[in-house]
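Below you will find the structure I want to go over with you.
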Amino acid sequence: MGNNKELRIGLIGCGLMGRIHTNGYKRANDFFPELEYRPVLKAACSRSEEKVRAFAEQWGYESYETDWKVIIARDDINAVDICTPNDMHAEIAIAAAEAGKMILCEKPLARTLPEAQQMVEAIEKAGVANTVWYNYRRVPAVTLAKQIIDSGKLGRIFHYRANFLQDWTINADVPQGGTATWRLDAAAAGSGVTGDLLAHCIDTAMWLNGGIKDVSALTETFIKERVHQETGKVQKVGIDDACIFHCHFDNGALGLFEATRYARGHKALYTFEINGEHASIRWDLHDMNRLEYFDHADDSIVRGWRSIHVSDSDQPYMDRWWIPGTSIGYEHTFLHHVADFLKSLETGEPCSPNFREALETQKVCQAVLDSAADRSWKNTDVEWNKKQKAGQEPVLGEA
Amino acid sequence: MGNNKELRIGLIGCGLMGRIHTNGYKRANDFFPELEYRPVLKAACSRSEEKVRAFAEQWGYESYETDWKVIIARDDINAVDICTPNDMHAEIAIAAAEAGKMILCEKPLARTLPEAQQMVEAIEKAGVANTVWYNYRRVPAVTLAKQIIDSGKLGRIFHYRANFLQDWTINADVPQGGTATWRLDAAAAGSGVTGDLLAHCIDTAMWLNGGIKDVSALTETFIKERVHQETGKVQKVGIDDACIFHCHFDNGALGLFEATRYARGHKALYTFEINGEHASIRWDLHDMNRLEYFDHADDSIVRGWRSIHVSDSDQPYMDRWWIPGTSIGYEHTFLHHVADFLKSLETGEPCSPNFREALETQKVCQAVLDSAADRSWKNTDVEWNKKQKAGQEPVLGEA
Amino acid sequence: MGNNKELRIGLIGCGLMGRIHTNGYKRANDFFPELEYRPVLKAACSRSEEKVRAFAEQWGYESYETDWKVIIARDDINAVDICTPNDMHAEIAIAAAEAGKMILCEKPLARTLPEAQQMVEAIEKAGVANTVWYNYRRVPAVTLAKQIIDSGKLGRIFHYRANFLQDWTINADVPQGGTATWRLDAAAAGSGVTGDLLAHCIDTAMWLNGGIKDVSALTETFIKERVHQETGKVQKVGIDDACIFHCHFDNGALGLFEATRYARGHKALYTFEINGEHASIRWDLHDMNRLEYFDHADDSIVRGWRSIHVSDSDQPYMDRWWIPGTSIGYEHTFLHHVADFLKSLETGEPCSPNFREALETQKVCQAVLDSAADRSWKNTDVEWNKKQKAGQEPVLGEA
Amino acid sequence: MGNNKELRIGLIGCGLMGRIHTNGYKRANDFFPELEYRPVLKAACSRSEEKVRAFAEQWGYESYETDWKVIIARDDINAVDICTPNDMHAEIAIAAAEAGKMILCEKPLARTLPEAQQMVEAIEKAGVANTVWYNYRRVPAVTLAKQIIDSGKLGRIFHYRANFLQDWTINADVPQGGTATWRLDAAAAGSGVTGDLLAHCIDTAMWLNGGIKDVSALTETFIKERVHQETGKVQKVGIDDACIFHCHFDNGALGLFEATRYARGHKALYTFEINGEHASIRWDLHDMNRLEYFDHADDSIVRGWRSIHVSDSDQPYMDRWWIPGTSIGYEHTFLHHVADFLKSLETGEPCSPNFREALETQKVCQAVLDSAADRSWKNTDVEWNKKQKAGQEPVLGEA
């Protein structure tokens, strides 16, 4: 059954996120050998036995289950990783918390704010270690942005803008519901781009720039009806295909956010830019190893945006990888998250973002959807403070 | 006194715009030799005699005046070019119209919607030729964007986003009021970035994508007080330092606009992007000779954003310039505007944008400011139609 | 001892390449589950017991050795991976071939052409499976370039240019010799940037564009003396710090190559561009997930270089990875190489580049160094033909 | 006849260069009003009366001629601008010098080194003011590069590389000879890309980095026969379609140069990069308002290539133009050259590059062609020294 330094994982959901988390579990100790804890792949779980058997075999899980409740009931499992569609997050997380399991939950935390609040209540009552997979914080270039901002180099912040642009649902033949396209089904997903894409943008934004105070939003559903995978019938589409909002941050900065799945030419263009009094930063996911940085303190005749290839060993996490000038990829953000979670078990510090922080992101998502629904400004009631920020620092791999 | 094919110009205001318009007048016939009309620099006008004398001498004006009313009264002048701060536009334009002069007016048309409406009324009553200097339509890359869109290549439009980012007022020591900084003085400018920068974005947007129906906006004044150049006293700043709005277009597309003078690192970054069902386009002023274009019809394995260096003779206006691969600059947009205006005098077609179209842009600006003021959505009452669009085509220099 | 579908690896050399190959061995079957063969980490080997013990423990090798001859003597090992400095390649490879082991050898094949010829002779006599780790062929964007070229889209080829620019040896305090800096020691490395960097460029170039016929080269050693790690004394530097050559390809194209470790600002900027009659391609390692492509067949007014983000499942190898728009990294090229090698064991086809092909690259390197030495053109005697090209195709993960 | 501060121009040759020089003459005083000298367009000259009449009318020349000897004989002309094909440069320049005219000659100075030497001899004997239109030195970004280099920021220089890539002659139907395509006719042009394109690269390179000592070159003529415009017959092509060379600079740097008209996708991509011990610079003509700069002295975690938009008033020449963030174009380089030439008449300093400096560029071109012809290294015998460099500084418009 292993020693008490094992993270004995029961993985629920074997899709893309199931694969990429598993990859992180298998590789983290290779690259962070100083970690005391080691993940052990105890069981994978999916409703389809055929699928989960193949998955478990491919990835080396010791066993598989088709009922997530069995995962929670098993004594040899001490951590549950929730990779299901959003509609299962709350039920599984609450049950896992009550069973005393550690919980690693895919984002967004829940479909709605009330669901999320129940989850936080349960998990805090249980006192179990927990984290939510907002993975983009652990792109080295993004972590570097955090370091630069925290160093004070930007000065007073005036603007934060972010967008997350995709184009994969433009075709009206893309169905809703089912395994591959549940993100278009409001019942399964809760919302469309707001929970799927903007939640990422909001998490990063508050991590970098503090709380979002109020929002004014606009949503649109461009294609009103789609075939539902499960019923086979054409049904009304309930999700937001696109969402735009502007906002105030607690620090007085203006925020501007947009997400869509109808931006032809963009596969997954998550970008953000932050403009401060003295310096500015921007980043985009398509060229994730680069950070753009402008420093007004440079000599005026040679002042310009710097394109930083974040691949030197004095840059966040990069002491673990290869050689300057070479790239890492999307999967590494999850591996870093695994490593930071394992480290948090040693130190007893929370692994940011935990459920409590993810709840704040959920508040903003809720306010955004509410604002769009009745065309008015909404307060978010976000509570974001220095203490939380302190708890959010990645704990490994930094200079 | 010249023949009746002369545009005998009285220029009012000798700042940056006075210079760049003059440059256009002097050079247009060199590059568009087929034009029947020729500008003649009759008189420049500015309140400072010292300044206007030097200006007239440098640029070759035949005479100068210090009272704009004299310009309008002079029989040897048949066209008035208004390059003053915004607070003089209405009075001069209305007087010039009543005197039967042709009018070329700097943007924005006016400080407020009511002012603009009076101007349009006067000019349409007088029936004089007129245009407003929204110069960015005549960047060859932007005109090419128009051609691509009008060809139908983009299909249904989902998104239009534009921003205009500057950083020149971050320093709190920049004053308001006076010759160089009247743009920070609400009395002179009417508004801040909304009239100065967003007006450009809105003009281009409606030209490319049709009318804007309703808006929800947010403005901010980051630095609340500045010294006023004229009084020497610290006074409240009345303009918007930054403005963000989202909107619906008549065609169902969502719009997203932002302008600021507090985006550290951006000198004059006017960018727009338009996402259609089949293709997308983006452009930015810092690299104005390039147009980015994505065509989903390309073979999937070699599909990507194309960076088009708009410098071939089959691209708009470029048959007038040098050789493929070489650039033209900011001033050329004004020169193209002059040429198109001269051509419009031959054809009798309006030179787009005329006052009537500029009024529609003013309606959006007004709705934006009103929306920001009371935190609610506003209808714009814009009337934009195919007929107007047809009248807006640049008439020269296209393939 | 495992079944006969196991690649039972003895790894000799535990530096950067030892780590990255090992990572490939451990992960290949996770992502290429259809492969019949599976790597097993039997033993790692390094002269330093302390180092090799830690390495074996971190990466999960079953055992370790400090004498490479023991690796070759062990019956439970059927494949030797040579990751030592270049001066050991020939001796180890020849011994391993004689012992009937499969061989995977780091590039360049050898220090000199005669060494390389002896190795090829030995390996072909032994008839063992073999490959050389020219990893850049298996960057998906580079493999896509190969597909585009082989499709005939470029037409007649006029130009091929490549460079590999680094800046890590500018500081005169960087020593030569020893574990980390043997690449500056002529005795260990054979040559400087020619064998280290240009060899990569040449391998890719001949794969994409066929044989190089003759060369004219220039080398330079900017810093003439450096401390030697082993002797502690300042000694003459024997390597080429920089190397430039131009050449003719068999197909009539002109080639231009440059490598240096003195290009301030470039960490590992390997770039190539190929210009054909109808289309052109370029790529660079710093943004390795992108391929630039220009197609003259595009409509003239919208013609431009396309920036292709190579991350869709119909692009080479990318069906194995994540989602469109997300990146993979440097290490994946080695993992692809492992997968292709394992596949080659199933099919019996050579895994390109094998020793025979790497010998052709070595011929070019030798001709380059000889040309620089006596300032004259040199023929390469490269034999590169269609048949070889056919054998070089990556066999997995392509559309 | 005007005062003695008039540059009374006789322009010989009315093609592209004739137009763009004329544009510079007409506009220089508008933007450099402090200049004492003023160009006056006395006469244009071309063999075709129809063509030259139209040209003179369009551009405002006072008169026209069809025999260049008349231009030289006219007393009312004191400056001759040579814009003919290369085969007329020597004869005209020598005659003009003997007649005591100032001379502004298009580049390259001559077809061959002996021709160039005769020209220099004649002009120095006559003691007339002279300059050669190597215009790229006066791109503000390139002049800024010069300032940065001269400030010592780069330290010891290791590498200089430049290329000039075009694609306009790939089509075999492009003829040789005649008005538009004389550049493909060896008799008219002297050489192909070497004199046309590499001459620019060499001029800039020596201005920035000092003399080129020796060269090893390769040329190619891809299309061996083309119709000749004048004879109507298919004739052997005598020019170099492409040329590559590497070299040593006097300061020990390695140089690498390439030019071609067969690089599909590049219209006029003149780029250079210079790598120094402490910093590097690169520039390309397609984005001519930008300069890329890397400074190793930046903090390591935020170090990257800066993209400088050279459009601020403290950057070279830009105090004369518009506002930060806006671009100027190709023609402005000629206008700056005119202004600097006019200024040189006031100061008595030579206007760089003069014939003497252009002769040094011609020496390198000759050595390159000779090297390619017999496949061996050639010394250039270039004499480039500090004194010459001092004389080359643009004298106007700098910070």
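Labels A, B, C and D are assigned to the chains in the order they are written; within every chain, residues are numbered from 1.
Note that a residue touches a chain if its C-beta (ideal position, glycine included) is under 8 Å from a C-beta of that chain, and two chains touch if they have at least 3 such contacts.
Only a predicted model underlies this, so the values are computations on that prediction, with no experimental measurement involved.
Trainee: Would you kindly say which chain has the C-alpha centre located farthest from the C-alpha centre of chain A?
Mentor: Farthest from chain A by mean C-alpha position: D.
Trainee: For the chain pairs B-D and B-C, which is connected through the larger number of C-beta pairs in contact?
Mentor: When B-D is set beside B-C, the one with more contacts is B-D.
Trainee: Take the average of all CA coordinates in chain B, do the same for chain D, and state the distance between these two points in whole angstrom.
Mentor: Whole-Å distance between the two chain centres: 36.
Trainee: I'd like to verify one number: the distance from the centre of chain C to the centre of chain D, where each centre is the average of its C-alpha atoms, in whole angstrom.
Mentor: Centre-to-centre distance between chain C and chain D: 42 Å.
Trainee: CA centre of chain B versus CA centre of chain C: separation in Å?
Mentor: 55
Trainee: Residues touching two or more other chains, restricted to chain B: which are they?
Mentor: Within chain B, the residues that touch at least two other chains are 266, 290, 305, 309, 312.
Trainee: Provide the residue numbers of chain B that touch chain D in the complex, in ascending order.
Mentor: My answer: residues 16, 20, 23, 26-27, 30, 33, 58-60, 166, 168, 266-269, 285-290, 309, 311-312, 321-332.
Trainee: Would you mind writing out the residues of chain C in touch with chain B in their complex?
Mentor: 144, 147-148, 290-291, 293, 295, 298, 300-309, 312, 314-315, 399
Trainee: Mind pulling up the chain C residues that touch chain D in the complex?
Mentor: 158-159, 161, 165, 167, 170, 216, 218, 220, 222, 242, 244-246, 248, 252, 254, 256, 258, 260, 262-266, 275-280, 294, 296, 305, 375-377
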